[in-house]
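In the two assemblies presented below, chain A is common to both, partnered first by chain B and then by chain C.
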Partner chain A sequence: MLNVHDINVFYDEFQALESVTVKIEKGQTVIVVGPNGAGKSTLLRTIAGLQKPRRGSIEFEGHRIDRMEAHQIVEGGISLVPEGGRVFPHLTVMDNLKVGSYNKGARPIAKQRLPQIFQLFPVLADRRNQRAGSLSGGERQMLAIARSLMAQPRLIMLDEPSLGLAPLVVNMVFEFIKSMKQEGYTVLLVEQNANKALKVADYAYLIESGKMVFEGKSEDFDKNPYIKTAYLGL
Partner chain B sequence: MQAINKYGFYGQIILLVVLVMLPFIITSSYLNHIMTLILLWSFVATAWAYMARFGMVSLGHGIFLGIGAYFPTMMFNYWSFTPWIGIWVGVAIAVATAAVLGYACFRFGLLGDYFALVTLAVAEVSALTIMAFRETTGGSLGYTLRATGKISDMQFSDKRVYYFIALILLIGAVYIWRRIDRSPIRLALTAIEESEIAAASLGVSVIRYKMMITLLSAGLTALGGALYAQYVTYVSPDTIAGVGVSLSVCFKAILGGMFTVLGPFVGSTIIVALEEYVRISMGASFLGLSQIIFGISLLIMIIFLPKGIMGSMSLAISRKLNRID
Partner chain C sequence: MFEQILMALINGILLGGVLALLAFGLNLIFGVVKIIHMAYGQFVMLGFYFIYTFHTSWHIPLLLAMALGIAAMGLIGILTQLLVINPLLNAPRLNQLLALASLIIVVENLAQVIWGADYRGIPLSMPIIQFGEIFIRSSFLIAFIGAIVTLWFLYLFLNRTYLGLGIRAVAQDLEMAKGMGINPKVIYYITLMTGGALSGLVAAFFVPIYTVHPHFGASFTLMAFVIVVFGGMGNLMGGFISAFIIGIVTSVTAVLSSKEVADIVALLMFIGMMMVRPEGLLGTES
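So, the complex of A and B:
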């Protein structure tokens, strides 16, 4: 479904990603783990079109998307939940969700989509007229995910959804990611919380200093002695 | 909110009736002139606030005023090209200029202070350009529109015609503001202001929406500049281009409240009236004093009413009605 092939990404002269290749099949939940500053967020930003690769290609459902603008990529079916959620604090929950359905494909069906979203996130239905800034951290993350789902994505990318959340809420977020998989979404998840993320993933990548250093099924990660000590704390 | 809207609606009807009647009640041509200026500047300040209320504070709208004012005036003086069409040429050039400048700013993600600084430089360039071409533009001494008194040249024997032109423009600007409020553009621009990355990753075309509002704002500003020039029949880089006038447009909108539709109108009324009053009552005895008093009163008002007069008022009313947000 998604084919990231051999990309190099730079911030000016600083190279953030070096010949990174990632493959995702339809219906899979794929995670990318790695330390701070390894390039995980850059990878997601590049797929979302917020950053352009200097080399390599990105294909989604057979179409090249690496030269497309961010909003075209969303129309094409890829949604990014940015790090920290980035809800619009001065807009109401309802308006936040509306902005999520601004692309051409999603706008006509936004009305039918809302009840489905509210069913998934009952908390948001209760707070629909509140400003997003008044929500708790967990609720904001939920809103950020809900907002991205409004865009009708086939691939949803989550950038550190558990960041800064209370342990109980982190569990909720991961439960939700599991349920998204059951709903048929393809998920690309970036996490520092490798333990929890590996439990929900079908396939995983390890990225260090901009390079993919390991990939495999969750079980392979559990078996690898280096990853065990460095990332899983076992 | 319902109650405020109702009061606001009746208030606006009354205001409109008063504004329409005013030139027939007040016969002093001097006061009529001041009132026309107030409406023209209200129109320009409203157009400026189109952008500013979404976080795009431009300190360079003088360039659009200048383009709108100079092109039709010069085309008329040199080629006898009628301003009825000339002003639209000016507007078109201003919109094209805004497209180039805006695209450059938005493509490279200039936000907030950086955007303001770039636009400030643009305003200065506009004044310098006029001075550089002093043979054709009159330079810093300014430039006078040839008087013919013919309606086909947009010159009217009754000066009140311009009052009503300005009033219609202002009503138009208020109407467009309301339309924007009801359209998806408002949500998109608010989202963009709060987080460009989040908005872009949700499929909101950041540059397109920003360009849309910028071109609209620039075009209307140029229209205001064009009518100012036709009305006053004199243009100079100090009065209609450059940094000074750019800032004074901002002050008007900020003082009145740039997030409320009538804020720019209220601000322009106060500032134009204050400027005139101070200039006439003490301008002759102490040169510059009027500017000082004007500056200080502006400072006080901005410090104590950070949301502007209209913004603070509507907040106070909603508190009173016990409907905070």
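So, the complex of A and C:
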């Protein structure tokens, strides 16, 4: 479904990704783990079109998307939940959800979608007229996920959704990621919390200093002695 | 004397409505495109000349000439985005500021070449409304009502439509707005078109009140800038409130002393605000 092939990404002269390749099949939950600053967010930003690769290609459902603008990529069916949620703080919860359905494909069905979203996240229904800036960190993360679901994506990318959340909320987020898989979404998840992320993953990548250094199924990660000590704390 | 001050107060409020429209346009452009439209008052001047030419030279009925003038200014707004702002979107702030400031020179000199330096106007006799000892010019009243109605429609546009939502989203977080499927280029064009059309509308309201000359816009550029910064750059509500404050203060001071003193008082208030609250009345820091 998604084919990131051998991409190089730079911030000015600083190389953030070096010949990175990622493959995702339809319906899979794929995770990318790695330390802070390894390039995990850059990978998602590049797929979302917010950053352009200098080399390599990105294909989604058979179409090249690496030269497309970010807003076209959303229309194409990829939606990003950025780090920290990044909801629009001065817009109400309702307007944030409505922005989620801004792309042409999502607009006509936004009305039917909304009750489903509120069923998934009852707290957002209660706070629908509140400004998003007044929500708690966990609620913002919920809103960010809900907002990206409003876009009718086929691939949903989550950037460190558990970062800075209370343990109970972290569990909720991971439960939710599991349920997204059951609903047929393809998920690309980027996490520092490797233990929890590996439990929900079909396939995983390890990234260090902009390079993919290991990939495999969750079991392969559990067996690898280096990963065990460095990332899983076992 | 009391009646005079009361009348000045009313005039200040009525004028404040039109100034609020001007501030809205400037604020919208700043909030969304993050650029200060330094030639906004000159746009009003250009709109005035358009209406004047449409009506006086081409003999188009006045109301239609005004509508055409507003549309023409909307088009000028789009051209400004295309030719001046787009090429400088990622340029340093100073370059953007200089480019828009140089628009002042371009527009003023263009006006001088086309229409000459004479004062031009459309003679209209608008009735004066009397309440006891109080006299109100109907041209002021119409401008005020028109401005408030327009602001109400703009409020609805921003809050009830997808396009309005897109504008607000881009103003808050450009990158996330792109990530939501919003094409910022489209939003910029719509913003500049709206801003341009608003300057044309203000010009239409000014037609029965003023005469126009090539330097007509300068004082309105300054006025709009003072109002917007006083109220808090990019804050639409702040601009709305401060338009009335500035309108009332200048109008009342003008009656008590003179128009020149009124301008000084307005600018002193502005300087005072900058010293006490640099972010403006309702502005947020940073």
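We adopt the following convention: the second predicted complex is superposed on the first by the 234 of 234 C-alpha atoms of A that agree within 3 Å, B and C clash if a C-alpha of one lies under 4 Å from a C-alpha of the other, contacts with A are read in each partner's own complex, and residues count from 1 in each chain.
Everything that follows uses one rule, which is that a residue touches a chain if its C-beta (ideal position, glycine included) is under 8 Å from a C-beta of that chain, and two chains touch if they have at least 3 such contacts.
Keep in mind the model is a prediction, meaning the values are calculated, not measured.
Asker: On chain A, do chain B and chain C fit together or clash when superposed?
Answerer: Here chain B and chain C cannot both sit on chain A without a clash.
Asker: Which partner does A:Leu124 reach: the first (chain B), the second (chain C), both, or neither?
Answerer: Neither chain B nor chain C is touched by A:Leu124.
Asker: Answer with first, second, both or neither: which of chain B and chain C does A:Gly100 touch in the superposed model?
Answerer: After superposing on A, A:Gly100 lies in contact with both chain B and chain C.
Asker: Quick check on the superposed pair: does A:Leu80 touch chain B, chain C, both, or neither? Answer first, second, both or neither.
Answerer: both
Asker: Does the superposition put A:His90 against chain B (first), chain C (second), both, or neither?
Answerer: both
Asker: In the superposed arrangement, does A:Val4 touch chain B (first), chain C (second), both or neither?
Answerer: A:Val4 sits against neither chain B nor chain C.
Asker: Looking at the overlay, does A:Ile24 come into contact with chain B only (first), chain C only (second), both, or neither?
Answerer: neither
Asker: Let me check the overlay on chain A: which residues of chain A are in contact with chain B and also with chain C?
Answerer: 48-50, 69-71, 74-75, 79-80, 82, 86, 88-91, 95, 98-100, 102-103, 106, 147, 151
Asker: Residue numbers of chain A touching chain C in their complex, please.
Answerer: Listed in rising order, the residues of chain A that touch chain C are 48-50, 69-71, 74-75, 79-80, 82, 86, 88-91, 95, 98-100, 102-104, 106-107, 147, 151.
Asker: Taking the touch rule as given, give the residues of chain A at its contact with chain B in the complex, in rising order.
Answerer: So the residues of chain A in touch with chain B come to 48-50, 69-71, 74-75, 79-82, 86-91, 95-96, 98-100, 102-103, 106, 131, 144, 147-148, 150-151.
Asker: In the complex, go through chain C and note every residue touching chain A.
Answerer: 162, 165-166, 168-169, 172-173, 175-184
Asker: Give the list of chain B residues in touch with chain A in this complex.
Answerer: 184, 187-188, 190-191, 194-195, 197-206, 208, 325
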